[in-house]
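Per-chain numbering from 1; labels A, B, C, D and E assigned in written order.
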Amino acid sequence: MVHAPVLIVVTLLLAAFIVPLLYRKLPVAQVVFLLGIVISSIFSIRMAFLVLREGTLTYYLGGWLPPYGIEVVADAFGAYASLVLALISLPISYFVVFAPKEVNTPARYMALILLLMAAMQGMVLAGDLFNLFVFIEICSLSAIAIIAVKGTRDSIEASFRYLVLSALGSGGILFAIALIFMITGHLNMGYVRESLAVTASLYPLNILTALAFIFVGFSVKAAIFPLHVWLPEAHSNAPTASSALLSGLVVKAYLVAFIRIMYMVIGTELFVALPLRPILLILAACAMLVGSTFAIVQNNIKRMLAYSTVAQMGYIVLGLGLFSQRALEGSILHILNHAITKSLLFLAAGVIIKQTGTNRLSDLKGMGRKMPFTFAAFTVGSLSMVGIPGFAGFVSKLYLALGALDIGQIIFAALILVSSLLNATYYFPIVVNAFFGQTEATHQGSDPRKSVMAPLAVFALAVVFMGLFPSVVMPLVRQAAGLLQP
Amino acid sequence: MAIIEKLSTNLYYLVAIILFIIGFHTMLTHNNLIKKIMGMNIMDTSLFLFFVSIGYRRGGIAPIIKEGIVEYVNPVPSALILTGIVISLSFTAFALGLVILLYKHYGTLDADKIIAMRSREIG
Amino acid sequence: MDRFLNPMALAVFLPLLLAVAIYILEQRSWRIRNGLAVASAGISFILLATYLGDVRSGAVIVLELPNVLPPLGLSFRLDYLSMLGGLVVTGVWFLVSVYATEYMIKEHAKKRFYPFLVLTLAGAVGVMLSADLFTFFLFFELMSLSAYVLVVHEESPEAMRAGYKYLIMTIIGGLALFFSIIAVYEMSGSVAFVPGGYLTQGGLLANLAFIGFLVGFGIKAGIVPFHVWLPEAHPVAPSPASALLSGVMLKTGVIGLIRVTHQVFTIDLVRNSNWNTVMLVFASVTIVLGSAVAITEDDIKRRLAYSSIGQMGYILLGIGLLQERAMVGAIFHIFAHAVMKSALFLTAGAVIYRKGKRSVKDWGGIGREMFPTMVVFTIAALSMIGIPPLIGFVSKWELSLGALDNRGYAFVGLLLLSSLMNFVYYFPIIQNAFFGNRKHGEKALNIEAAPAMLVPMIVLACFIVFTALVPGNFALDLARKAAAQLFLYK
Amino acid sequence: MTDMVLETVARIIIPFIQLFGAYVLMHGHLTPGGGFSGGTIIGASLILYSMVFRFSPRKHRIEHDTSLLFEAGGAILYILMGLLGILFSKSFLTNRGIFPLGVPGELISGGMIVVITLGIGMKVAGTVITLFQELLEGGGEHHGHN
Amino acid sequence: MLALINLLLLLFLITCAIIVARTRDLLSAVIVFGAYSMGMAIIWQQLHSPDIAITEAAIGAGATSLLFLAAISRTRRYEE
């Protein structure tokens, strides 16, 4: 029996409970923190290889078989998501330890991050709705907490708003789970799926209601278009590492859970029978346009990045709505690519804000000459966001656009282009103004020390690497997309 | 008549949904932040009630080992509710912590006033 | 690993590596930097030239890297067209780099200029040698975006404005190309350049794809009405960069159009869908408008930029005629215009460098003060006008013959009209330079350009004069063979 | 200010509450209840204690470190018990073959469920106390996860 | 008989919930909320879910109310 799927979560949890005990000995706590993330990541990577080689891994907690026992399922999709989480969390946790502190209670902050990571890993690996729900809730709570931990007034306000909406979302999801349980009598995903195949036609209204609640619940959590209202405030007022985690990973972990329920529990047949795909497509289109448009008018760098996240989530949802093999591959690949890119951008933005003391885009003119490496990293991220070939973002856009054409939706391929252009109109002026032009820099600032720059450099290299050699992850992505599309 | 019959058999569901609506409404429309949290609690408990009543319909006997009983109801949903209760406590506690901090910063618990103060500062 | 150690792969990837090397080494010494910058183009040129014999005898050298960026992958190929393109790019680049080492002494931010100069070279070489649309696109974007740094080098407000326009147009062009490429891939499952083309089916997607190509390549090539960035961006860049932008980078756009119309779409499809008519219309408008506006411009670099637009119209005309003879003219003009326009920009740069005079009205008497420079200018300008036996004449001759074969008498008229307009805006400059007078109260200053600037100009002038005279003219030979290959599968 | 009545009542009632809490906790595998409820009851009794005696001269509150230790210790205990399964080359959280299962219906039965329940109880009691004290005094952020 | 008790309990729940939502005195709201939780626990007991019921009694009625009280003591009792 391969223990990796459960050990990923357990290692993180164990570290999460040890770290707060060590709040008086911060260096030790930091070591434990990093150890937890690293060990869990090693398990995650190992699991990805195993899944690629041997197919889906299942793990029964305590040896109890479903439907009573708790099941952990690492299929290609889960393993891929887990791998993304692990790989992105490594540089971010390094940043948490070595970057200048933004929070007063670092041990608690690290414990929260560990808890968040554990919850996200659990969310993508859970094999039954019960554990899925529990991990969703833990994830929500710790995600809210790592915003509020900054302690500023704005961050508390943002996290309270997030909390209220998140609780509504949780309520919706729980209600949907109850409805599904009502129809099927099971919470284990495999059993639910089997049972639904038979019973769905008997209780169409219940299924419809459940779908609606799942949709709304996860829309809130994953910031899918009309319910993204909490995101800009929450992501822009969090500490730097939190912003990177939230924008890079958390919304995607929810989306992965959403995809799993929609495509692998409710089942593709039902999903296709209902007019959900057009809805997803329209929402995605709105997200891409509205998110980008709002991003253009922002003057706060982190808020701009947050609106850009809304737009980018639109890309992922677009692929889900298009539902051709290549579009799904694009979506799944974009989960990774956007995670890398947005983490890079948020870390760079955090460093910029820390070094210059301003978060206004209009104050950053000419700063590229004073902080060349930070802004170079930001430039790499921008190029990836706009979709310049050779950078990560391009590859997923390529797949999405091909996927759109596969099913004859030229309009959505064109939409990707328009959205790319919009991206360019808000990312490039920052880069251009930072490096070129005769305006003198109005603020002080310089590149931080090397240990702070290291995660940025890693992410920047990863963006370029993923832009040139996506074939590294493509086998897993292809398998995952194949799972979604029977 | 048929409606009433249907209602009486589904009484728990009906009450659960009424409570859900009350909670949801309180949470969304009430200005007082603590009230919002109470609404959240009512919403959560209503969902648990919904869940429990489903389990009641299907099962009939608590999953405790006794002589002579071979079949037990599925323990997973009750574990779910148990965890759900604890999670809702955590949410409540955390939200209250945030409320206290907000009160310290703004001196009010009124959501509209807080928004008004913020927009005045920004604008 | 073996695949990377053949000269062709080195020609493509060496500039990329050298750009990084320059960035690292320039902290040490500016000599190493300048040396490497010149060497990168020179080495590429020599590496490509080693294949010249093979290619002329009909060999096709291929390099494929399918693991990079699936599902499309990278691939490179040396055929007649890419040989000609590659040699033009690297040769002109080498000369301009030599020129730049002297010219840039006065400029600021040299540490930024050289790495990006070499990076742009890497893009341009990759574009010329690519064997499929996707590779083409990848290097095209690399070239366009690195060229942005060259465009805004001065960082004056005008430069920033022009640069912004350039950037946005580049991105729009890139997106249009992106769309067309995925459309092609969707229709055929391949994006390779195959002699004779492979897309035979018309329809909405094919039409959109062609529009995308026309927009994307048209923006780069400065075809009216996509030219708006060109007259802004070329003048504000430092003169070596202007020479490269006008002389080399514009050509990548038309090379792309040639490849697309002949090696992706079949000629029949182009003809049946009337896309050639569209191209001819654009070409005519471009020729007339470019030349006409050039007459009204006073700033020498702006005048040259508009002249470039007009000249690109010739090439588009040659493509649009869909006729082998005309294609020979178009391909040869790629070479000819690269040499002529680089020479013109370099001479203009030399004058601006020495005298600081951008307005052609102030050029009175310069021919006497900077005699060799102005001789080069004169030769290049005469070639532009189309005086035999200079190379400008050769391409016009071939184009006209091609047009006549198609009974396109109007186009011959157009070419003559354009020549006349060229005469109108070049001749007064020459006349004024040699026979005009200095402005009142200005002292004569007989400073010739430094040797590092003068030698490249003279080399270019030699090309202009002697290419057409030497028997077995390699450029014309390559152009003929390339055109023959393109029309082989008619 | 101290209140005689309150203190006396509390003195009498708190041990009973705690006993009940312990009962609920330890019989989690036999009767309704278990870690969550038992832990909450014990935690509530300690809150009652600290509320009633907050003005008395003696030490009136549970130290933050103590409750933190309980909180984290409980969870760690739980996880270690789970890891035991892997150590014995079975699956995580397995309950077979590590501790004697005992006779169903007796207190010492159910293998390591008792230990796990104890862990949960510790965790919950600690958390409830921490939450309450922080709400009253710190008003800060806490990770209210159980 | 049992059904009647259940019906009354359900009515009680709804009433409590409405009171919680309507009253402007937060302290009374908390107390009513405690009663609501207790009622809920009893209903769950009636629905043969004793372990959930006991948990709700301890956590919903006990701990949650305590936390609300603590929060109110730190802020204000009446709504504005």
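Convention: a residue touches a chain if its C-beta (ideal position, glycine included) is under 8 Å from a C-beta of that chain, and two chains touch if they have at least 3 such contacts.
Remember, it's a predicted structure, so these values are computed and weren't measured experimentally.
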Would you mind checking the shortest number of contact hops between subunit B and subunit C? 2
Starting from the defined contact criterion, work out which chains touch subunit D and subunit E both, please. B
Which chain's C-alpha centroid is most distant from that of subunit E? C
Quick check on this structure: which chain has its C-alpha centroid closest to the centroid of all protein C-alpha atoms? A
Measuring centre to centre, with centres taken as mean CA positions, what chain is farthest from subunit B? C
Dist(centroid_CA(subunit B), centroid_CA(subunit E)) in Å evaluates to 11
Nearest whole angstrom, what separates the Cα centre of subunit B from the Cα centre of subunit D? 24
For subunit C versus subunit D, what separation do you get between their C-alpha means, in angstrom? 78
As a quick test, compute the distance in whole Å between the mean CA positions of subunit A and subunit E. 37
Numbers and ranges of subunit D residues touching at least 2 other chains: 31-32, 34, 36, 131, 135, 139-142, 144-145
Could you list which residues of subunit B touch at least two other chains? 23, 62, 82, 85-87, 89-91, 93-94, 96, 98-101
Contacts with two or more other chains occur in subunit A at residues 138, 141, 145, 148, 151
Which two-chain combinations qualify as touching? A-B, A-C, A-D, B-D, B-E, D-E
With touch defined as at the start, can you tell me which subunit B residues reach subunit D in the complex? 62, 64-65, 82, 85-87, 89-91, 93-94, 96-98, 100-101, 104
Please name which positions on subunit C make contact with subunit A in the complex. 67-70, 72, 137-138, 141-142, 145, 152, 155-157, 160, 163-164, 167-168, 171-172, 174-176, 178-179, 182-183, 185-186, 204-205, 208
List the residues on subunit A that touch subunit B in their complex, please. 67-68, 128, 130, 133-134, 137-138, 141, 144-145, 148, 151, 153, 156-157, 159-160, 163-164, 167-168, 170-171, 174-175, 177-178, 181-182, 185-188
Please output the residues of subunit E touching subunit D within their complex, sorted ascending. 50-51, 53-55, 57-59, 62-63, 66-67, 70-71, 73-74
So in the complex, the part of subunit A that touches subunit D is made up of which residues? 1, 3, 6-7, 10, 13-14, 17-18, 20-21, 59-63, 105, 108, 111-112, 115, 138, 141-142, 145, 148-149, 151
